[in-house]
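Every chain is named by a letter (A, B, C, D and E) in the order it is written, and numbering of its residues begins at 1.
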C-alpha cells in the first residue's frame, strides 16, 4: 500500500476527535477527553512522522529532487469561468512534510503538557476539542493543494486561535484579546483574499502547482496579462503578491500587523506554545515559501517581504527588552524570530546554493518551533507555580523548579544561537544568506541576534536568579508536564544537526550548504555580548538596569510602550472608523433614509390635514367646486383646441 | 409530482388549525410543516432523478392551469434547481419557525394560520412561472407579516408593522407597473408567462423603462439601499418566528424576483443598469456593515447585517456572470438559513434574559451552553467562516464579481470585500459581549438551556448551514443548469 | 313679425329680470313671488312658441303646484317677513364670476355651433302628444309615464314619512349637544400627532 | 325667421342665474327656488330644439313634461326634508347645516 | 306578452312595491321582523329569477332593453340590496316606518333597473332620478336626528344641482343631434365643441353620482349623516348601478369621441384617487372613512374606464361585484357595532379583536380586500382595473395609480391596527350577531374569498361583455 493513502488520515483523525469531544465531551467524556485527545494526537504524530520520513527518505527522490505529490484532489466548488474551481487536495512536498512533523510533534507535546496543566478546568473537554480543531486546521493549511483551500484553512486556523485565546471567556481581557487577534488577522486576510482573487482569476487556476507553473513562465498568457495590467503604476502581479503577503504578515504578526500577538497571550499557556509560537504564526512564512517561485520573479514583492521581516525582527527585539510580562517577552521574541525567517526568504535566490535563504528560513522555522514551544511550556510551568505572569514577581526559582530551569536554559541558549544548539545553525545560515544578498539586512540581523541573547537572558536571570519575590504555590507539577519539557529540550539540542539543505530547498533539489567558521565570529560575539550584558544587569538585584533604562530615556519609554502602535490603532478605530464612518452611517440611516420614509408618511398626513378645508360642510361651496370643476375641464379640454 | 401539493398542504394545515381547538394548533402546524418538509425532500429526490435536471436548465414538473382565460393569465408552476433550492430553504425555515414558536400563548390559532399562509405564499412564489401568479403569491405574504409583527411583536411594533407593510406595498406598486409593462409590450399575444416572455424579450427601450420598476420593486423586498429601512425596524419588532420568516424567506422573495423576473426577462436592460445595481449593492454591503457596527440591540444587529448580506445577493446578480448569479442564489439560501437561525437564537436568548441589549448581557456561555454554542456558530457563519454556508456564497459572489474586468466593478468588489472585516468587528463584538465576558447578572445562572423544540429547530437549521458549507458542490450542482440557462439568455442577447 | 319680435324681447327681458329679482331679493316671500312671475314668463314664452299644452302644464304644475308648495313651506318655517341673512361678499363674487364665465362660455359655444333649422313646421296639436304618451311602440312614451307614476308614489310616501311627524324632537338632538360631534372635535385636535 | 339663438341665450342666462341663486342664497327654500330656475331653462332648451330643429318627433316636448313632473317630486321631497330639518334644528339657514364636515 | 317576459323582474318589483303600499295603507298588523323576512325572501326570489331568465330583446320602442349582461348587473344590484336588507335588520326593527323604508328602497331598485335597461336618455334620466330621490328621503329616516336631516338636505340639493347640470348637457346633445336614443346617437355625433361640452356636463352628472372628484363633496357628509343601511346602499348599490350605465353609455354611445373624454376621465381619475386617499387618511369616523375609501375606489375604477375597451367594462363590472362584497362586509360590521353601542368613531374599534374576534376578522377581511391584498377578491379587482387602464400606454398615469395604492394601504391598515394591535381597557362589548346579519356577513366573506381566486365570475362577465 502506498503511504500516501494514509495522508487523509491526518485530517480525518483530528476532525473526528474534535467532533466527538465537542459534541459528547461535556456530558460523557468529562475526564477521559484529555487522554482521548492525546491518544489521537499520538497516533497522528506517528502517521505524520512516518509519512514525512517515508517521503524524505524512501519514496520521492527522483532525478536528484523531491517530487510534489498530490495525494488527493476532489472538486469542491466549481465556477463557470475558465474552468476555475476550488478543490480539496492534499499536497505533499518537502515543506509540507516538514511542517507535518513540526505540527504534530509540538501539538502532541502540548497535549501531553495540557493533561497536567489544564487539569480541573471546567471546560476541559472543550479545550481538547479546540486543540483538535486547531491541529486539523493547521494540518489542512500546510497540506493544501490550492491557494483557496489554504485560505479556507487559514480562516479556520484563525477561528481556532480565536476560540483558544478566548478560552477563559469570563475574563474580559481574554475576550478582547481574542477579538483583536481575529479582527487584525481578518483585516490582513482581506488582502490575502483579494490577492487570491487576482492571482486565481488572472491565472485561471487556484492550484498551487499550476499557478506556479503559469506565473513563472514569462511566455504564459497569465503571466503576460498580469504583467500588463496594473494599477497606480504597479503591475497586477505585484499587487497580488503584495496583498497575499499582507495576509501572511497578518498571521505571522509582522509589523505593523503584529499588535494582536502580545495580547493573544491571554490564552492558556500551552495554547500559546502551540499556536502563537510554533505553528500558526509561521503560516505567513509558509505561505511565502509556498509561493516562493512566483515571489522570486517579482523583486518588488520580495523586497517588501525582506524589509518587513527585518524591521519586525529588530522592532520586536527592542520591545522585548523592556517588557516584564514573561509571555509578552516571549511573544515579541516570536515576532522577532519570524522576522528572521521572513527576511531570510526575502534575501534568498532560487535554486541550488542561491536558495540558501529559503532553506535557512525553513530551517529556522523548524528549530524555532521546538525551542520556542519549550520556552512557552516552561513559562507555563512557572506561571502555574507562582500564579503570575510578571517577572517582577519571580526570581530565584531555580531551586523550586529544577527541571524547568535546565530546560529553560537550554531553550535560551538555543534561541540566542549558542553553538552547538539548534538555533545557532539556523540563525547562522540566515545571516549568511543576508550577508550574501544585502549588507544592510545583515547588519540588522546581526544586531538583533545580540538583542535576542540579551532579552532572553534577561528573562532567564530575572526568573531563575535575582532575588526571590514570591514563594511558589505549586510544585513543578506532574510528569505530564515535565515530560514534554525534557523531550523538547532534547530536540532543541539536536535539531541543528539535521542536514536541512538536503531536504528542504527552494527548487526541491538538495545541495550542500557550506559552513564558514570565520563567518560565525561576528554573530557569536554579539551573542556573548548580549548574554554578558544581561548577566551584569539582571543576575543580581540592583539599580543598574533601572539606571540604564533611565539613560536610554525616550527610546526606553517608547519601547516599553511598544512604540505606541496600539495607540495608533486605537485612534484609527475609535476616532476614524467608529466616529467618522460608523456613526455617520448610523445617523444617516436614522435621519435620512428612515427619516425620508417617515417624512413621506408624515408629509402626506400633514398635506391631507392642510386640504381638509375643501370639505367644510357648506353645501354651496361643494356646488361651487362642482361648477368650477366642470368649467375647468371644459375650458382645458375644449377651450384650448376648439375656440 | 404535482407542485400544487406544495400549496395544498399549508392551505389544508391552515384550515385544519382553524377548525380544531387552539390547543391543537401547534401540533397541527408542526405536522403540516413536517409533512411539507418531507415532501420537499421527496421533491428533491424526484428532481434529481429526472435526466433533464442535471443536464439542462429545463423547468420540470410543469403544470399549467388557465386561470383567467380572458387575460391570458395562467397558474403555471414548474421548478428548476434554483427554485427548488429556494423551496427547500422555505421548508427548513418554516419547520424551524413552527418549532421555535412552540410556546406561543397569545392567539396561537391565528398565529399558526398566518404562518401557514405566509409559507404558502413563499412556496407559491418560488414555483410560479407566471408573473401574475408570482405577484399574487408575493402579495399574499405581505399581510401575514404585518399582522405577525403588529400583534405578536415587541417594541414599537405598530410603527414597524405599518412601515413594513407600506414599504412592501410601495414595492409591489412599482413591481406591478413593471409586470404590466412586460405584459403589455410583449410581442404578439399579451402574456404573463415567463417562458413566453423570456423567449421573446421586449425591445430595448421598453426594457429600459420597465426594468427599474421591476428591479426596485423586488429590490425593496431584499433590502436594496436606500429602500432598506423597513428591514431593521420590521425585524426587530417581529416575534421570533416572524423575524425568521421575514429575513429567512421573505427577503429572498425579492432576490429571487430580481434574478428571475428583472434580470432574466429584461437582459438588455440588466446590462444597461448593471453599474447602478452594483453601486447600490456595494453601498448596501458596506453601509449596512458600518451601520450594524453602531447597533446595540441584537435584533438590530442582525437586521442591519441582513442589509449587508443581502447586498451580496444583489451584487451577484448585478455582475451578470454565471459565478456571480450562482453566488447570489447560494447567498440567498445561506443567508436564509443563517439569519433564521440567528433570529431563533436571539429569540431564545431574549426569552430568557428579557433583554436584547448587548451591553446588559454577558457570560451566557456559562449559563446556557447549548444556546450559546449555537449562537457562536451562527455568528461565525455570519462573518463568513469557511465550513459554513456564508463563506461559500460570499466567495462565489466575489469571484463572480472579480471575473468582470471593468474598473468600476473591481472597485465595487473591493469595497464589498472589505465588509468581511467590518462584519467580523460587529459579530465578534456581539459575541464577546453576549456570550463571553463575565456573567452580568446572578439570575443568568438560573436560566434553563434550550428545550427540545428549540434544540431541534436550531439543529435543523445548522445542519442545513453545515451541509452547504462543507459540501457546496451539492448545491452548485443543483443550481448549475438553472444559472446556465439564465446566463445563456443574458449573453446571447448581448452578443 | 315685428310685434312677435317685440313680444319676444319683452318676454325675454321679463323672464330674466324676474329671475334676477328672484335670486337677489332679500325677503323670501317676495322672492317666491318673483319666481312665480318668472315661471309665468316662461309659460308666456311657450305660448309665444305656440306650444299651448306645455304652457298649460307649466302654469298648472309650477304655478299651481310648486310655487304654492314653496309658499307653504315659507310660512311653515316662519321666515316670511324677515330679511334673509346676507351672504358673504366673497362667495357672491366667486359665484358671480364663475357663473358669468360659464354663461359666456356656453353662449360662445352655441353661437359658433351650426344649427340647421328644419324646414318642416312643428305640428303642435295636443292630440299628437296625447297619442304618443299612451303608445307602447317606437315613438311612444307609455313606459316613462308609468315609471314616473312610481316615482311620484315613492316621493309621496317619502314626504309623508319625513314631513308628517306627530311627536316633538328629542332635546338631546339639539344643536351642540351631539355626543358624536364633541368627540369628533376632540379627535380632530389629536390628528396632528396621530402618526407615530 | 326664428329666434332660436335668442331663445338659447335666454335659457342659458336663466340657467346660470339659477346657479347663481343656488350658490349664494342662504335660505334653503330660496335655494330650492333657484333649482326651479335651472330646470326651467333646460325645459326651454328642449322645447325650442324640438320646435325649431326636430319637429318630426316629440322627444323634446316629452322630456320637458317629465322634467316638470320630476321637478315637482324633487321639490316635494326637498321641502319635506327642509321641514324636518327645521323641526330638528329650528333654522333654514344653509350656513347652519355644517354639522357634517371634514 | 313580450313585455311580461322581458320585464319580469321589473313587474315583480313593482308588484312588490304596490303590495307593500297596500299593506301599509291597509294597516297590516305584522311585525317589522316578519315583514323584513318576507321582503328578503322576495328579494332572494327576484335574484333567483334573474338567474333563471334567459330572454333578450327590447320593448316600448327602444326604451327598455334587456340582455344577459344587463340581467347580471341587475342581479348584482339585487344581491347588494338583499345583503343590505339583511344587515339593516337590527336598525329597522325598532323603526316605525319599516314598510316605507322598503317601499322607497325597492323603488330605487326599480329605478336602477329601468336606468340600466334604458334605451334612451329620457328613460335613463327617469331611472336616475327614481333611484336618487327616494334615497334622499331614506337618508332622512333617522327622523329625530339632525345629522340625518342635514345629510338628506345635502343630498337632495346636490342631486338637484347635478341633475340640472345633467339635463343641461342632455339638452345640448339633443339640440345638436336631434335624438335621445342611444341607438341612433353614435351616428349623429360630430364631435363639435358644443357636443363635447355636453359630454363633459354628462360626465359631471355621472361623476356626481359615483362621487368622482371634484363632484364628490357631498359624499362624505351624506354618508356620515345617513343611517348605516342607507349609507351602504348609497355607496354600493346606487354607485354600482350608475357605474354600469356610465360604462355602457360612455363606450357604446360616445365611444367615437373617446379621444376627448379620455383626457377628462384621466384627470378625474387622478384627482379622485388622490383626494379620496388623502381625505380617507385623516378620517376619524368609520362612515366618513368608508366614504372616502369608496371615493378612492372610484378613482381606480375610472382608471379602468379610461381604457375604453371590453376589458375595461369587464374589469369595472367585476370590481363592482368585489367592491359590493367588501364594502358591505365593512358596513355590515360597522352597522352591527353602531347599532349595539352607538359607536361610530374609529378609535372605538380599539381592541375589537379581544372582544369580538369574528367581527374584527370580518372587518379585516373587508379592508384587505378593499386595499387589494390577495387572496381577497379585491386584489384581482384592482389588478384588472389598472391593467385595463394600462392598455392606453399612459404609464405615468398608471404609475400614479399604483402609487396611490400605498396611501390606500396606509389607512386600511390603520383600522386593522386599531382593531388588532392597540390595547385598551374598554373594548367594545361582546356583540351577539343575529341570524340574518350573520348570514349576510358569511355571504360577503364567501364573496371576498372566492370571487377572485376562482376566475368564473370574471370569465362569465367577459363572455357577456363580448
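Keep this in mind: contacts are C-beta pairs under 8 Å (C-beta built on N, C-alpha and C of every residue); 3 or more make two chains touch, one makes a residue touch a chain.
This is a predicted model, so every value here is computed, not measured.
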item: Chain pair that, of all pairs, has the most C-beta pairs in contact; value: C-D
item: Innermost chain, where centres are averages of C-alpha coordinates; value: B
item: Centre distance in Å when subunit A and subunit B are each reduced to the mean of their C-alpha atoms; value: 36
item: Centroid spacing, where centroids are CA-atom means, of subunit C and subunit D in whole angstrom; value: 2
item: Computed distance of Cα centres, subunit E from subunit D, in Å; value: 26
item: Intercentroid distance (Cα basis), subunit E paired with subunit B, Å; value: 42
item: Residues of subunit C touching at least two other chains; value: 91, 95, 99, 102, 105-106, 109-110, 112, 115, 139, 141, 144, 148, 151, 155, 158-159, 162, 165, 169, 173-175, 178, 188, 191
item: Sequence positions of subunit E contacting 2 or more other chains; value: 122, 126, 129, 133, 136-137, 140, 143-147, 152-154, 157, 161, 172, 175, 193, 197, 220-221, 282, 410
item: Touching two or more other chains - residues of subunit D; value: 15, 18-19, 22-24, 31-32, 53-54, 57, 62, 66, 70, 73-74, 77, 80-82, 84, 88-89, 95, 97, 99-102
item: In the complex with subunit A, residue positions of subunit C that touch it; value: 91, 94-95, 98-99, 101-102, 105, 108-109, 112, 191-192, 194-195
item: Complex interface listing, subunit E residues touching subunit A; value: 153-154, 157-158, 161-162, 165, 193, 196-197, 200-201, 204, 208, 213-215, 217-218, 220-221, 260, 263-264, 267, 275, 278-279, 281-282, 407, 410
item: Residue numbers on subunit C that touch subunit D, as the complex places them; value: 1, 5, 8-9, 12, 15-16, 19-20, 22-23, 28, 31-32, 35, 38-39, 42, 45-46, 49, 51, 53-54, 57-58, 61-62, 65-66, 69-70, 72-74, 76-77, 79, 84-87, 91-92, 95-96, 99-100, 102-103, 106-107, 110-111, 115-118, 120-124, 128-129, 132-133, 139, 141, 144, 148, 151-152, 155-156, 158-159, 162-163, 165, 169, 173-175, 178, 181, 188
item: Residues of subunit B defined as touching subunit A within the complex; value: 163, 166-167, 226, 228-230, 232-233, 287, 290-291, 293-295, 304, 321-323, 326, 363, 365-366, 369, 380, 383, 385-387, 391-392, 395-396, 398-400, 402-403, 413-414, 417-418, 420-421, 424-425, 428-429, 432, 435-439, 471-473, 476, 480, 483-484, 487
item: Residues on subunit A engaged by subunit E in the complex (per definition of touch); value: 601, 604-605, 607-609, 611-612, 614-615, 617, 619, 621-623, 625-626, 628-630, 633-634, 636-638, 642-643
